[in-house]
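Read from first to last, the chains carry the letters A, B, C and D; within each, the first residue is number 1.
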């Protein structure tokens, strides 16, 4: 019998190695795997490349991982989010590398990796500083920039419900980066609010089919709201 | 008040002009807009380019449109489907052009158009006859072929439920090409089984948000099963 | 006289047609949503996967999973939908969003927009700004007409790094409503108490003043007698 | 002796590991789904947006909206899911499908597969064949060992247009189970009543016969005394 459930967040991060690339789900609090992140801090892997929309807030979760000096490089669209002291400090000291990617391009690069595509041409950024040095060509009458697929070793996300086959269902704004991220990493683990029996998620309501997921772990949400909810994206 | 409902399939096809490119939804019977197709036959526009997975069966629906000589070019992955006499006859006489595209590439080219991308690199087909003459390069260690976004003037699909805002919900295997097709045409019309009040589709269950849809029309499904259901894809 | 921040947002709200799909940037644009007339249905999009957002959630009624792209707790209107980031940015990049209402640091006469690199910023961040500026059918810029040092923000050429070239179609400020046309900037309206000459004096790029240029029709509560807003 | 069509499918079914995600092509591959042991959970994928398909629908219990890629009415198993074509082919192209079980006209010693252009066909059709051949983690080929004229289909080099180069990993026929390795074809098993020499006589490409090469263990009802199946 297939059983993708795990007993602890420690198991979820046990395989993370120094230098690994990690897709970290969530946009703001919804979809952020806070418990796995805390386990990852404790696990100790370093020189990580983390892909996430922002740079985390405060000194917990992603902010904590960065604060602890475990992140060598961040690939993000909005690392200037409020509360990003941990990142800002390391960045200004030159202790962390930043690859800044427009949000839609970031999502699409991750999706491309999961879909087996090598890359795509997008109009976003053409002629701006963010396209500097990138290949471009005119397609459909517009200048477009070539962007490559973004693959990773691990993806960690949070979903709402899940089953032992790895099927996931999200609630409201939790889908965000999590849907593409689950497709684009060698090893995918989802924190879930509730483990349901197989068939407990209607086939119409499965947002991430189990084929994309290696493990699920039922665990309460991180007690803190990890992202400061104030205006600023 | 926004009201995207139409009173008849005639209205749905009224704007179709000679030489138009049409994305025709459905894979087999599920998602095929049979009533709009019949209205399109009656409407009389010709020299059409039709994008569909197959070439239709018999002499009704797409098969009928082809039989009537209205289709100049078909862009398809499996025009060799059973029952394709209408297409086969025209094709062998050189009266219809065929652009043969692998099924996944076809879906992705349509999606790319809807997503504002110019094109993408895919491994599918590299080194085969279907990649002849196409640009290719090695990405992620594999040879990949460049494929362009596929835009259209019209998209016609069938969905299960819809509302006056154009929100659509599909049932079971109806989603197929319809989800991307609704994003990739200038003018999008969906046949629906049932028109529901706004809010009648749960926000979690909207598969095609109304932003992609210009019109919906509540109409019974075409009484005939338009695709012969026999093995052969 | 000039418009308040709410006044700028109100003036934009008046011009959004019934049935529009609209994405609101942070700052002044955010204020637009609560100023839409009751006679119109406008569908607000949020980058993080929501179409059909309603007002901000009332204190005590926040849902942890329902935030907008600015990380504020929001509500839904009937007919809303949820989706993932690739779909959300397909809406933006694919030209399905009718209007992106964005703040700006500088706008040029040809529609060039600079709104993502702030002078003196410590950490850069682009978020969805470029996708919106490149992708929306029409980009509406809302901003104060001049900097807090009184310098024009509507320029012959942007000095800051561009968000997107030639994207702005309309500019709404505390002093004016300006259209970006192939022939240059056209002053459509000026704030009550001002005149075209005064607006031009605060604008580096030349403004054409057509015969139908007129004073804005904005209720008194959206006007202020003080300096233009900073 | 040789295997029946069901026998070939049965032999494949025996080798699919518990928990595999599998796409079945038309023809012999379709027969695999009903021959999976009760002790295994195998998840069958259909190009048109289904994961977790069950057996074909019983007459009278068909659902108009539930067909497989071969346009047959099917059923669902618990834990199934529906999705659109882009997602479905992301599963295929992205290497998420563990096994694509495909029919073939020709296979070469290096794994080249030809299964989409039939000699004498009137209209070409590729469907999802190339996506599967290029994208699946492993391609399993099932076919009769020779053509209906008795000619080998396992060749040094394919003569028909390729579906994908170097994609086949395993070949299951009515006469043998063969692995495609970097060192060439390896005969893993031969049908009851045959021997490696006989298999080689019906195979153009050279077969290596390792010491652990053995006779297939297949129930008698999957064997036939007649000529190899055509």
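To be clear about the criterion, a contact is a pair of C-beta atoms (placed from the backbone, for glycine too) under 8 Å apart; a residue touches a chain by one contact, two chains touch by 3 or more.
From a predicted model like this one, the values you see are computed outputs, not experimental measurements.
Peer 1: Provide the labels of all chains in contact with chain B and in contact with chain C.
Peer 2: Shared contacts of chain B and chain C: A.
Peer 1: Which chain's C-alpha centroid is most distant from that of chain A?
Peer 2: Looking at centroid distances, D is the chain farthest away.
Peer 1: Would you mind pulling out the distance in Å between where the CA atoms of chain A average out and where those of chain C do?
Peer 2: About 30 Å, centre to centre.
Peer 1: So, what's the distance in Å between the C-alpha centres of chain D and chain A?
Peer 2: The separation of the two C-alpha centroids amounts to 36 Å.
Peer 1: With centres defined as the mean C-alpha position, give me the chain C-chain D separation in Å.
Peer 2: About 57 Å, centre to centre.
Peer 1: Among the residues of chain D, which are close enough to touch at least two other chains?
Peer 2: In chain D, residues 82-83, 86, 89, 92-93, 135 touch at least two other chains, as defined above.
Peer 1: On chain A, where are the residues touching two or more other chains?
Peer 2: 108, 111, 115-117, 122-123, 171-172, 203-204
Peer 1: Name the graph shape formed by the protein chains and their touching pairs; answer line, ring, star, complete or other.
Peer 2: Other.
Peer 1: Please list, in label order, each pair of chains that touches.
Peer 2: After working through each pair, the chains in contact turn out to be A-B, A-C, A-D, B-C, B-D.
Peer 1: Could you list, by residue number, the parts of chain B that touch chain D in their complex?
Peer 2: Within the complex, chain B touches chain D at residues 27-30, 53-55, 76-81, 84, 87-88, 91-92, 98, 100-105, 107-108, 111, 122-130, 160, 170-180, 207, 221, 225, 227-233.
Peer 1: In the complex formed with chain A, which residues of chain C make contact?
Peer 2: It is residues 26, 30, 46-50, 63-67, 69-73, 82-86, 88-89, 92-93, 117, 121-131, 134-135, 161-165 of chain C that touch chain A.
Peer 1: Flag every residue of chain C that touches chain B in the complex, lowest number first.
Peer 2: Per the touch definition, chain C meets chain B at residues 18-19, 21, 41, 43, 45, 51-52, 76, 78-83, 86, 89-97, 135.
Peer 1: Taking the touch rule as given, give the residues of chain A at its contact with chain D in the complex, in rising order.
Peer 2: Within the complex, chain A touches chain D at residues 1-2, 111, 113-117, 163, 165, 167, 183, 198-199, 203-204, 206, 209-212.
Peer 1: Quick check: in the complex, which residue numbers of chain A touch chain B?
Peer 2: Contacts found on chain A: 108, 112, 115-123, 137, 139-140, 142, 144, 148-149, 151, 171-172, 203-205.
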